[in-house]
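Once you scroll down, you'll see the structures, which are given as structure tokens.
What follows is a pair of complexes built around subunit A, which joins subunit B in one and subunit C in the other.
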Partner chain A sequence: MSLAATFDVPQLTRPAPGRVLAWLVAGVLLAMLGSLSLGYRIYGLGQVWTAFFAPDGSEAATVIAGLRLPRALIAPLTGAALGVAGTVVQTLSRNRIASPDTLGLNGGAALAVVLASTVFGVQSLTGLSLAAALGALITSLVVFGVAASAGGLSPLKIVLVGVTFASLSHAVVEVVLTSNEAQLQQLLFWLSGAFVDRPMSHVTTGFPVIALGAMVAFALSRPLDALQADDATAQSLGVPLPLVRGLAFLAVALLTGAAVSMAGPVAFVGLVVPHAARHLVGLRHVWQLPASALVGALYALLADIVARFVIFPVEAPVGAVTAVVGAFVLLVLLRRRAA
Partner chain B sequence: MDEPSRIDIADLTLAYGSDIVLDALNLSIPRGRITVLAGPNGCGKSTLLRAIRRLHAPKSGYIMLDGKDIARLGSKDLARQIGLLAQSPSAPADMTVEELVRLGRYPHQSMLQPWSARDTAALERAMDGTGVTHLRGRRIGSLSGGQLQRAWIAMVLAQETEVICLDEPVNHLDMAHQLDCLDLVTRLNREEGRTIVLVLHDLNLAARYADKLVFVHHGRVVASGGPDKMMRPDLIAQVFDVRAEVITDPVHGRPLCIPLGRATGQASNTAPTKLGV
Partner chain C sequence: MSAPALALDVPANRGRWAVVAIIAALFVLLLLSGVGFGSTWIGLDHVAGVLLGGGEKMDRLVVLTLRLPRVVAAALAGGAIALAGYLLQRITRNELASPGVLGVVDGAALGVVLFLAIFSNESNALVIPVTWQPLAAGLGALLAITLVLTLAGRQATSAVRLLLFGIAVAAVAKALTTIFMLIGPIYQASQATRWLAGAVDTINWGEIQIMATVLGPLVLLTGLLARHLPPADLDDVSARGIGLNVPLYRVLVFVAAAALTAIAVSFVGGVGFIGLIAPHLARLLVGRARLAGMLAAALLGGMMLMGADLLVRVAFAPIEVPAGTVTAIVGAPYFLFLLMRKDQANG
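Coming up: the complex of A and B.
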């Protein structure tokens, strides 16, 4: 290697990952504040302060603490969960356009909700949320099982089986919905994903599950790093492939199930977020996973705030906002891949 | 060779389903030498290499590493002793060289023992030894074929294994980079005494770099030994189905094979009749 070569080689320069994470934390906190104060009515920081630390029973205090606080918590939790799940899924499948949606988990959750509502007459939000979580878990087990029994958990097989289940469950949802027009309206809102009108109990039930899923994923950081290479390489590095894939899948199911149960299937978050995270901190999961969680939280919070204004004074479902952004990003990714 | 061999393969049979790929194969890999596996396409040489790294469980027979059955070693334990560069390894194009080489440290770490100074030292040494230190921040998708191959070899070096297996490491490389790559492997062997097992397609490269040359044919070892003993027209005809003349490379003094045509009666554009213009 000639010395000259060392000068004209363009190196990738990134800020230190720790610093990036610190900025992201600051961003998330700021966006949460925004989520509390911005909306149909805009409240000042003083009113936010009053609502929490000196509640005076005013309308502002009630709206902030009772209505906006749950969504200012559910949005980042959902976003973080889907962001981490998306990163793990993309590493598992070695496919940058994979996401919990592509694995059929969102579809499975949606199907479970529709069935619970139409067949079993479940009406309560808690009941529907539970159905969603169960749906995601069962779907992941089925997808995992079918892919495994088809001979090895190759990335391609996982995605193929996932896509098959996703379209299957969407088809069933459509059929059930068109034959039950009465419930269409209510379910449609849920099916596009929203953070609005969710009780605090969603946070307290969802948070531990998401924390567990995130911890499992984080504990797998190093084997996931190695899984980014091909199977033979990962295996010869000593990665126990079936064990790592099984645990990673479990983490994805926990994260997606909890996220969908809190907010419904918020589209494309798991697809978009990992790309941003990788761009910011690189490909080591020790950094990539926390960055995905924070970027996901930030993204969901911002999308939720935007959803309050796009068709003001009516709120758009946040899933519609993320779907529009996600579809655009997907097109860019596909274009870049084709180029 | 007097020293005990590093790897002993006894009666190894390996199959994909009911297709037998290696059939009661016996072979010993000498310690601290370069052993090259050669043979025609589909002869089972790559499978043999993968079996040595336990990527395939044998149907029967043993592979002993220093007298211990590798089937009984833990996966990380084995990964600290035998490294493998797969035939066409892949990693995301936006991974940096440093991120790739770091992967080699995986078997040396655990949840309780994260990245240490030793890991850093091994990482730097591996990048230094392969001349990719100045590329550490580059995305591997932007590297040339030769640079990429060096980065992958650095990844295997970072694993710090005594035995290094490389499956056709010079495929897709131009002549200069083929030599670079094999000279690098030779240096590792000579300077650090590592045991190297290579699968090579090019018989002349094999003869030039091998201490021990192994001809694999139809899932069996047809013959093995030093290149001088192995590079015989009759053996080459038997294993590769090629009629060849063997001369001595005037520069390195190694045997050099000049293929003349197919050995069997199949359509062959045979011996070079004078191409006078």
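Coming up: the complex of A and C.
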């Protein structure tokens, strides 16, 4: 099967990838501005400017700099991390419906965070995000290990294994949460997957982890290109498979762990984004990975803005918005395979 | 591509009803001990005494108003979900099918939450009788299963693919449930875990009465349908060949399964995996016989939910952990085990 057939990339003439990335950067910046100005109260760009460069202690300035700025930063960071993680996972498993969610990595990370904070008393954000990364890593090893030990499960079955792991960790999380009522409120909030009310410190702890994970992934661009075909091809091109796989899993775990520890399990971002990125810039990872990061950032920002308005004046958790969109995309992907 | 066979060892036909009788006896025993266990232990003789209309006043209070409702609700809901699972596995010839993975449970939950959101007034009271709630759940469940089957289309013959469509539809329903729960009155949010995880601790006799009233005719219908379920090892063409009206019974069976799931979810919430495991156990114990299999599945399903509820009451007291989490923790590994069996047809 050719690569294009595997990933449903239409053979069109695309604009140069560099230009696409430039447009995406512009889109992300615009969406960040939107994230600062839109919400329960809508502030003009002038007020946004004042809040940053001439803070006057007004309500607008406080809301913009104190409440909206953290989420305008956490949303794109989370989205970018999940987007890149999704692309790497889809390439590794040669599976169009793989993602940190459908492989249970999000769930594993969430379980690790809940266990770390309730059972082991970990409080620091760094500790929690490390726990999340560890949880994601262990889950990915288990899911792929299970798949390999069963004699190579079909891509669809791997996803079923992952989804089952996700529901298993969800159930354990619920047991832990309901038996630790003191922390229930705080953790429930985090579990809904949202960018709201996160402190700035989330950004500063999350950013280095995400940057590291993204750099590892980007450094693997060439070997990942080769891996898209099949193992034999990759090997004949001189790709050290175990090393590349190991590093790629590490990158995915760091990215997913950081994203989950910042924002909670935001559903299906890692499923949707890689498809959009491939349509925009094609199959080469040198372009595909940055495009996934940017598309992920844009998607998360837009979903976060939509979440403020779907059930106005109440805010919906952004995870619910991305879950609806993502599940529809999953349905479309499954349907398309039928044709 | 062949659907996975429901092949399990079939015990001798003769012993099948004896097995069902033993299961029924265990069911009664579990029901009595479910009432006996709790913060204070009430002897089985006392429980039996109360149930027969006698007993001390204190025992009567504890048994009749606190413990019996949740035990009965668990038995009814577990039985209904298990029966739905049995029907779905038989009609899709897919041993991985269950109301949970086919999106029926989440569809029903969405129906309930929408019902509460639409028909509550400002002081969070329902403006129409709660009797209508199962209907809303039923519509949600039916919509979900119809969606899954329509979307899957010809792919429905692939066991794994059908489930993936179910999972996607379930995800949409779950996300919408979260959103509508936020819009709805606070009263609903406080009961949220009930529909999300499945719990029997807040049920009352009025609700049980509605459950029982709806379940009666449904079970009767299911029993009638049982005779027309295509035998497990027949494909559609052969079934038609021996004179079965496949499309009609297919629709009826799906409706019955949706309704059974809906009535359980409507009052007890989404209890996962019982609809998967109970039918398997039943097949293991009584073979492929339809009527005995259905009865065994229903009894075993009721026992599982009663058992899960008993476990959370004893192990986590005084905190109420939703019983659905226990069934999920037990059920998920079992589902994995099924998936990994090598003789399974690949997606």
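Criterion: the second predicted complex is superposed on the first by the 260 of 339 C-alpha atoms of A that agree within 3 Å, B and C clash if a C-alpha of one lies under 4 Å from a C-alpha of the other, contacts with A are read in each partner's own complex, and residues count from 1 in each chain.
The working rule: a residue touches a chain if its C-beta (ideal position, glycine included) is under 8 Å from a C-beta of that chain, and two chains touch if they have at least 3 such contacts.
Since the structure is predicted, the reported quantities are computational estimates derived from the model, not experimental observations.
Of the two partners, subunit B and subunit C, it is C that touches more residues of subunit A. Within the superposed three-chain model, A:Ala219 lies in touch with subunit B and out of touch with subunit C [touch as defined at top].
In the superposition on chain A, no contact is made by A:Ala116 with either subunit B or subunit C. In the superposition on chain A, A:Gly282 makes contact with subunit B only, while subunit C stays out of contact range.
Of the two partner chains placed around the shared chain by superposition, subunit C is the only one that A:Ala267 touches, whereas subunit B remains out of contact. Looking at the shared chain after the overlay, A:Leu160 reaches subunit C, while subunit B stays out of its contact range. In the superposition on chain A, contact of A:Gly238 is made with subunit B only, not with subunit C. Residue contacts after overlaying the shared chain place A:Ala229 against subunit B, while subunit C stays out of touching range.
No residue of subunit A is contacted both by subunit B in one complex and by subunit C in the other. Across the complex, subunit B is touched by residues 1, 5-6, 9-13, 94, 96, 219, 222-223, 225-226, 228-230, 232-233, 235-240, 278, 282-284 of subunit A.
Contact residues of subunit B toward subunit A in the complex are 50, 53, 55, 75-80, 82-92, 94-96, 99-100, 102-104, 106-107, 109, 111, 131, 134-139, 155, 159. Against subunit C, the residues of subunit A that register as touching in their complex are 97, 146, 150-151, 153-157, 159-161, 163-165, 167-168, 170-172, 174-175, 178-179, 181, 192, 267-268, 310-311, 314, 316-317, 319-321, 323-324, 326-328, 330-331, 334-335, 337-338. By the touch criterion stated above, subunit C contacts subunit A in their complex at residues 96, 151, 153-155, 160-161, 163-165, 167-169, 171-172, 174-176, 178-179, 182-183, 193, 197, 272, 316, 319-322, 324-326, 328-329, 332-333, 335-336, 339-340, 342, 346-347.
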